[in-house]
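We call the chains A, B and C, going by the order they appear; numbering starts again at 1 in every chain.
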Amino acid sequence: MVRVENLTFGYGADGFRLRVPEFSLDDGERVAVVGPSGSGKTTLLNLIAGILRPDDGRIDVAGTEVSGLSDAARRRFRASRIGFVFQDFALLDYLSARQNIFYPYRITPALVLDDAARDRAERLASACGIGDKLDRHPGGLSQGEQQRVAICRALVTQPKLILSDEATGNLDPDSKARILDLLFEQATEAGAAVLAVTHDHELLPRFERVLDFAQFREGATA
Amino acid sequence: MNALFLAFSYLRYHWARSLVLVLVAALIMFVPVATQTLLSTSERALVARGEATPLLLGSRGSQLDLTMAALYFSEERPDPVAMREVESVWDSGLGVPIPVHTAFSSGGFRIVGTTLDYFDFRDLTPASGRGLSILGDAVIGSDVAAALGKRVGDTLVSAPENLFDLDGVYPLEMPIVGVLEPTNTPDDQAIFVDIKTAWVIQGIGHGHEDVVTAADVAAGTAALANAAVVQYQRITDDNIDSFHFHGSQDDFPASAVIVVPNDTRSSTILKGRYLDSELPTQLIEPAGVIQGLVDRIFRIKSLLDVVTAIIAVAAFAAVGLAVFLSYRLRAREIATAVKLGAQKGMVLRLLAAETITLLLIAGSIAAIGAAIVSRNAESWVGWLLALGA
Amino acid sequence: MVRVLNGFLAFVVIALSGTTAFAQDRPRVVAVNQALHDFAERLLGDAAEVVFPVPEGVDPSFWRPSIADISMIQSADLILLNGAGFATWIDRVSLPRSRVVNTSAAIEDRFIVTESITHSHGDGGEHSHEGIASYTWLDPMLAIAQAEAIAAAVIVRDLAIEGIVEARLAELRSDLTALDAMAQDALSGMDGVAMIATHPRYQYFARRYSLSIASLEWDAGAMPGEDDLADLERLSTELDAGILIWEAQPPREAIELADALGLKSIVFETWAGQGTPDSLFTAYRQAVSDLADAASQFAD
């Protein structure tokens, strides 16, 4: 699903530098990325998603070489192939839960909001237990419910890869496990791989593999 | 479409902020348009009234006062002109003189004493009731009827005056015999009586007075709504024959005389007759006086335009700042959109859609407001001009 | 060819003017007394409807028009006033000044001023009204002036064809002049004869023909009361009068009572209100000749 080779990336001339000699993620695989703060975990997600361009190396996602795409193509690719879940949920307070789920369809012509998409959204919401709260705005939802909405948003476009950036970081301990299970469950259902940045070590056993990021930090291996 | 959807959702969710922005923007767009409409309608109304009144004869003095009193029934009181001037115009055979006597009022509206020729000249027809027939009859303009809630069959009492210092002259109660069709001119705000009735109010004509006294009011024998007026005279079937006028009618006063010349030549001859500045009277063309007034108004208006422009710039800057700040507040949403793969320019389109939606709504409100103003401009201007008077 | 065309055009013009004349209502002229009515009718012929609105038996000086009367008068094309204080109702009614013509405007310097009437009302104290004798048309010369005023007004307002009105005015003028000559002739040498009128109506008549006519204030055509008779007797004795002029046919007994006082009764209709269907001229001639006859008897 994801293949990263000889990746280097740096912010500015003498800022933070990231170097990933090799990393891969199989279809449907669930991998946790751990590491100290500032080790470049989020940067890796951004590189895989095509938000950032590597200085060197190669990133291949589902057969597409992301690093070789133009900006517009990367945007289209991101919108159609990747689902994002954030630590702060990144929901829009002015949209209802339903419209938040549809948000990806609103911002790119690469996706078309058709009946199938609407059905999917309803099914996902029911599966996530927020089927009766779709008309509420984020302000009227609990944190757990908000993250469920965010998970629905990430999955509604049927991506093959879910990038989760501390998705459970803001949740209470009880919710963390439930939300992660839900994410895995839905990802499995959709046949999507999950690459999740996390600090919650107690959750690690739920992943198939853990990638410790400390090894990629420039200088750490040197 | 999607950008519009998001923009609209955003505006609806932050409705209070949107409302303020919309109203401010609407106001900025509306005010200059409304001012312009009202001013140009005022100009048209003023000029139309001036042009519809070819010549005005009155005592030498302020031409503006004379015009305002005779055309707009203002509170200006030009020195009275004697009725012999009316006769002298009749005798000249050069035009039709129509005296107007505007010294009195009732219920805040001018009592305009004139002759029946006035109604023909201004093309005034009663919407209900009849025209003036008998001494004491009053025919009221549509605005008077609406403002005072009076109808045919009601009565009006002239406001007490001590201007002429005539002892024993009581206010006159006048039956309303007709209500005129609205014309959107100052005629809507006038109470018309025969000029002879105005002279009765002035005390020049009188009868064996049938004065309704405070005692009558207290005893409930007088159907009287206005408790402030405790004594007034009333022209009845029994006393009308006793009404008479003292002295020669030639000496009786009018506030001004509208003169409708037969043709341009007559007009020129007539004007020539009153050129001598030694004469106690002057013959003026109200259109010229009004044009002078309008020119002055529009000089003030150009100043107002500058002020409006400055305020508009400031207000748009404020609105712009508000929009800019709201964009800043939405940096997070923009970041999210980018991460989710938003199309390039999406953010710009979203913000543009939002701004355009705001401006469209504001523009619609301003347009509706402007439409209402222009639809009602004539009557409002009539009211404004009356207010000014 | 041209003549044929001219003839045709003339025919068309006549036909058109004929249809327009019938297409619209005739103009209406209102007069405040019978004399002005008759003059206007003579000048206008069929060109206008001339109305004298005061009903029979009502003194036009004291008539009070109804709202319907007023509306009819207001809508008239021409309203002929007598002036000289005749008909006080015009002061209390709204009239369209542009259509009102005061037929005596040109003869104001020839008005006869009567004694003042003093009265008081309200808190205003006493005040007096200067009276003006109103029956101007009983002097044929003043009547001519009034007829001329009517003719001028009719022509200015285009109510009838100017040439025709001028011709009719000339005819009326000559009739009135003839009437005047006849009266001059019949009434000459009567300056010594004292006459009494039951009403002050004949000031202009008396002045024109140098007659001395004293006046009472009786009700026209009514039987005089005791006070009236006492007044008459006193005045008659004082003036040594021999003729009593009635403005309307009095009751038989009234004539007998006058006879008893040595007064010869003459009826002289003033043509103010609606009178007998005789024309003004017939009535006037009759009265003049009656007066002359009576005077000659009296002189005998």
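Assume a residue touches a chain if its C-beta (ideal position, glycine included) is under 8 Å from a C-beta of that chain, and two chains touch if they have at least 3 such contacts.
Remember, predicted model here, so these are calculated numbers, not experimental data.
The innermost chain, defined by the distance from its C-alpha mean to the mean of all protein C-alpha atoms, is B.
Ranking every chain by how far its Cα centroid lies from the centroid of chain B, the top place goes to A. Our note on geometry: chain A versus chain B, Cα centroid distance of 71 Å, whole angstroms. Per-chain CA centroids place chain B at a distance of 49 Å from chain C.
A separation of 117 Å divides the Cα centre of chain A from that of chain C. Residues 2-3, 5-6, 9-10, 12-14, 332-333, 335-344, 346, 350 of chain B touch chain A in their complex.
Residues of chain C that touch chain B in their complex: 62, 64, 67, 70-71, 74, 88, 91-98, 121-124, 127, 129, 156. Contact residues on chain A toward chain B in their complex (touch as defined above): 49, 51, 71-72, 75-80, 82, 84, 86, 90, 92-95, 99, 103-110, 137. Those residues of chain B whose C-beta lies close enough to touch chain C in the complex are 90, 93, 96, 98, 115-117, 120, 130-135, 137, 167-168, 194, 196, 205-209, 211, 240-246.
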